[in-house]
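To keep things simple, chains are lettered A, B and C as they appear, and every chain counts its residues starting from 1.
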Amino acid sequence: MMMKFSPLLFAPINFIDDVLLKVGFGQHTINYVVWPLIQIGAVVTIVAVWVAYGTYLERKISAFIQARLGPMRVGPWGLLQPIADGIKLLTKEDFIPEKADRWIFFFAPYIAVAAAFIVFSVMPFGPDWAVITDVNIGLLFVISVSSVGVLALILAGWSSNSKYALLGGLRSSAQMVSYEVSMGLALIGGLMFARTLSMSSVVTAQASDSIWYIFYQPAGFLLFLISGIAENNRAPFDLPEAESELVAGFHTEYSGFRWSLFFMAEYAAMVVVSAVATTLYLGGWYFPFVYKLEAAGWHNAYVVVSALVFIIKLSFILYLYFWLRWTLPRFRYDQLMDIGWKWLIPAALINIVLTAFSVFLVQALDGWRELKTIEDMSNGLNLTGTGKVLMIVMGIVSLLITGGLLSFINWRSRDFNLKRQRRDIRLVNLPSGTSAVASTKTTAATTEA
Amino acid sequence: MHQVEIATTQETLLDSPQMVLNMGPQHPSTHGVLRVILKLDGETVMDLDCDIGYLHRGMEKIAENRQYPMIAPYWDRLDYIAAVSNGLVWVETVEQVMGLDVPARAHYLRTILTELNRIASHLLWLATHALDIGAVTVLLWALREREEILKIFERQFGARLTCHAWRIGGMINDAYDDFETDVRRFVNNFPKRLDEYETVLSENRIWLSRTVGIGVISGPEAVAIGLSGPALRGSGVAWDIRKSRPYAAYADMDFEIPLGENGDTFDRYLVRLEEMRQSRRIVQQAIDKLPDGPVSAKLPKVVKPPAGDYYHSIEGPKGEIGCYLVSDGSAHPYRVRVRPPSLINLQALRQMCIGHLVADVVAIIGTLDIVLGEIDR
Amino acid sequence: MPLVKVPKPDFIQKLKRFFLFDLLKGLGLTLKYNIGAATDKDSVAGKGIYTEQYPKERPDVAPRFHGAPRLNMDPETHDTLCIACNLCALACPEDCIDVLAMDVEVVVAGKARRKKVLDEFIFDTSRCMFCALCQEACPTSCLELTQDFELATYSRAGFVWNREMLEQGRETVKYTA
C-alpha cells in the first residue's frame, strides 16, 4: 500500500508514521495492521455518528414535510437531540423477560449491529486510502454479510418468549429473506458492465467509461432500491414493525440500550443499501471533473473530495428513504409478499436476460459496417459514444419490456385489477322533507334507496 | 372482566386451533378504549366480538339529576371530537318540546358552526384513518386544517373542543367581530387543501389496495343493522336527516348528498371527502345569507318542558345522533337516552371484518369512524 | 375478499398507472412541502411552518376563552363586586362553587341595616368543566373566566382556590426559554 503524502495537507499523518517507526513497528506492520485499525476506527465512528444523525435528519425531514419544525430545543436547531436520546437510552432500566433465553436475548442485537457494520469494510468511500480493504469479491461479501442480519431478527423474536414477538420476528425475517433474492439478482445486471465483483473496480469501471450505470440499467436500479427498502423493513413495507400483531414486532421486549442497537442496525442497513446503490449505479466516488485534482498532483485532496462526492450521492438516496416513508401508506403483509415474489423476482430475472441480450448486441455490432461500439474491455465494459447511446436506449426499452411482461404475468391478481383510479361519487339531491319537530311518538324512518 | 363467548362460524384450514387475539383497550388504532376480541386462523379473522364500557361515565344518569340548561355541557363530552352537534341535538330537543321560537340569525349561525364542526370531525377521521393505514403525513396536514376551525370555535365559544356552544333558545353571544373574515378565509383555502389530500391518497395504488373491497356492507344489510351517516351513504342508501327532516337553517340551503356504490372502505372515504366539500358549500351559502337580528329567544326562568316522551335527531358527522327525552314536567328530566350513532355503526363491524386479515380490522374500525365517548357515554 | 365493481380504465389511465404516476404525484406534493417548509413558504396559506414554539412564543388566546376563574373588583374602590347572591353556585352543574356570606351592619339613610357581603369564596378548579354557566349567571360581572390556561399544580389541594387566589390570580412560572 503506497501512500503519497502531500506535505501541506497531511503533515500529521507523516508525523504519526514517523513516531510509529521510531517506537519500533516495522513499516510492514504499520501499513497492514496499524493503519487499517485507524481506518476501521474512523469508519466505525463516522458510521455511528451518521446513524445517530440519521435519526435527527429523519425527524427534521419528516417535520418539514408535515409543516412543522421537528426537534428544536436540545441545542441550536435541535442538533444535540441524538446525543440526548443516546444518553436517555443508555440510562434506561435494562430488563430481560423472566423466561426469556438469556444468552440469545443478550446476543441478538449485537449480531444485528455487527452484520450491518462489517459491510463497511469493503465500501469504497474514495479512491486510494478511503477504502479499508478491497476484496475482489466485494459485492458478494456485501450481500452475504447483510443476510446475517436476518438471523438476529429470528433470534430476537424467539428469545423474547412472547407470542407476539415471535410472530412479528418471523414475519420480518420472512420479508427480508424474500427481498434479498431480488436484491441480489438485481445487482447482476450492473455486474455485466463492470465485469468484476470488487467494489472499487466497479467504480473505476464507471470512471473509465465516464458514465453512471443507472443510465444503462434503470430497471436494475429501481429493482435494487425497492428490494433494499423492503429489506430494511422501511415504509411502505414496514407492516411488521408498525402494527405487527399489534405490538412492535421482534423488538417488543427490548428496552434501553439493546433496543437502540436494533435501531442503529436498521439505520446502518439503510446506509449500506444506499452505499451499494451509489457504488453500482450512481458512479460511486466518480464525478466528471474531480479527476483534475489528481492530475494537478493534489492526491489526498482528490481522495477527500471523492469521498465527499460519495457521501452526497448517498445522501440523495437516503433522502429517498425518508421521502417515501412519510408519503406512502403501507402495504398489508400479503400484498408485500406478493410484490416480492410475483413482481420483483420475475422482474430481476427478466432484467438479467434483457441485459445479457443488450451486451451481446453491443458486442455483435462492434465492427459491423465500421460501427465501433466497444472501446476497451480491460477495465469493465467501456463503450464509445455510439455504444453508449445504444445501451441507454436498450436500457429504456428493457424497462418497458420488463413492465409489460410483469403486467402480463400478474394480470389476474386482485390488486392489479384495481384499474380505475378514481371512482366518481354520485351526488344526489333529495327533496326536502318536513321540518323537524320533536315527535311525541317515535315514527319509523323512511329510507329511499 | 367478563367472559366472552365467541361462536365458531367457519372451519379453519388444516384443522388447526384458532388463536384468540385481544386487541386490548389500550391500542393505538382503536380510536379510544375499545376492546376487540378476534378469533384468528393464521391471519384471517374467523370471528370478532367487541367489549365496550371502558369509558362509561354515567352521563344519562347524571342528566337525571341536573336541570335542563346544565345538561348541555355534559353533552359535549359524548362525541368529544364534534361537540357542537351534540350540543345542538340537546338544545333543539328542548326547544322544540317547549315550543320556543328561535330567531333566524341563530339558526343560520348554528348551521355555519355545525357544518364547520362536521368538517372538523371528518378531518380528524381522515387524519386517524390515514395514520392507521400508514400515510402519517396526512395526519399532520388534516390537523392543521382542523386547527383553523378550532380557532374559530375558540374565538366564538371560548373553548376549542368541548365548546358548550348552544343555549336553550339560541346562543349566548353573537358572532365575534372577525367571524365573517375568519370563516370566509377558511372557506377559500379549504378546497385546495382537500385537493392536496386527494393527490396523496385517492389515486395512490397502495391506498387503493388497502381500501377497495375491504369492509363491504351492502345497502339492505346496512339498513337492517341501522347504520346511519356516511357508513350508510357509502353503501348507496340515500338518507340524510338534513334533507328529509331539516332542522336549523338546512331547509334554505342548497347542497347534495354523496352516495357510494359498493359499500367498501374506499367508497366511505370518497363519500366523506365529498361531504366535506358539500359542507363547505353550505357554510359559504349561510355566511352569504346571514340575516341580522337577535340570537336568542326569551326563556322562562326555569326550564320545565311539559310531561311526555319526545325524540329528536340530527345528522351528526358520525350518523344520526338522537335524543329521547322523557319529561315529567319538573325542572329535571325523568330520563334521557342518547341514540349514539357510533354504537349502532359498530354493530356492523363483525360482519365487515370476517374473512379479512388482521391488518384490515384496523382499517375497518377506522372507516366506521367510532368515538368511544358516544358508545359508552 | 369480495370483488367489487370497478369501472374499466381508458388508455391514458392505463398509461398513467404503468408509469407509477399516482405515486409520483403524491411524492411531488411532499417534496413541495419539504421545500416550502425549509423556505417558510406555502402556496395556500402563506406560512410554510405551521407550528408555534410554545414556551418561547405565548399563544394567541381568544378574548372569550374559558380559562381560570377570577373575581373582579371595582377599579376605583378595590372592593369586590361580588354581592354573595349565590347564583353562580346554583348554576354550576358540578357543584364546584361554595359562596360563604356574612352579615355586616351598615347605616343606610340613618337606619341600621344588615347587609350580606361575601366572606369566603371557594372554587374547586379540579371539578370544573369550564362551561362558563357561572360566568353567565353572575349579575354583576364579577365572576369571569380569564384567558389563563396554565392551571397545573403539584397537589390536589392546589386546585381548590380561595377568594384571595381568585382575586389576585395565581402566580405561575411562565417558561419562556
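Convention: a residue touches a chain if its C-beta (ideal position, glycine included) is under 8 Å from a C-beta of that chain, and two chains touch if they have at least 3 such contacts.
Note that the coordinates shown come from a computational prediction; the quantities given were computed from them, not determined experimentally.
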Selected pair, greater C-beta contact count between B-C and A-B: A-B
Core chain by centroid distance, with centroids computed from Cα atoms only: B
Distance from the mean Cα position of chain C to that of chain A, given in whole angstrom: 48
Centroid distance [mean C-alpha coordinates] between chain B and chain A, Å: 43
Cα-centroid distance, chain B relative to chain C, in whole angstrom: 23
Chain B residues counted as touching two or more neighbouring chains: 137, 144, 200-201, 203-206, 212-213, 261
Touching two or more other chains - residue numbers and ranges from chain C: 1, 3, 6, 17, 22-23, 26, 29-30, 33, 50
Where chain A touches two or more other chains, by residue: 65-68, 326-328, 414, 418, 421, 423
List of chain A residues in touch with chain B within their complex: 62, 65-68, 235-236, 238-239, 242-243, 245-246, 326-335, 414-415, 418, 421-423, 425-442, 445-449
Partner chain B, residues of chain C touching it in the complex: 1-6, 17, 22-23, 25-26, 29-30, 33, 43-45, 50, 61-66, 91-93, 129-133, 136, 145
List of chain B residues in touch with chain A within their complex: 21, 23, 27, 29, 43, 92-93, 96-97, 130, 133-137, 140-141, 144, 200-210, 212-213, 219-220, 223, 236-241, 243-247, 251, 256-261, 266-267, 270-271, 274, 308-312, 314, 324-325, 357-360, 362
Residues of chain B touching chain C in the complex: 66, 69-74, 137, 144, 147, 151, 154-159, 162, 164, 172-173, 176, 189, 192-193, 196, 199-201, 203-206, 212-214, 216, 261-262, 264, 355-356
In the complex with chain A, residue positions of chain C that touch it: 1, 3, 6-9, 13-14, 16-18, 22-23, 26-27, 29-31, 33-34, 36-38, 42, 48-51, 53
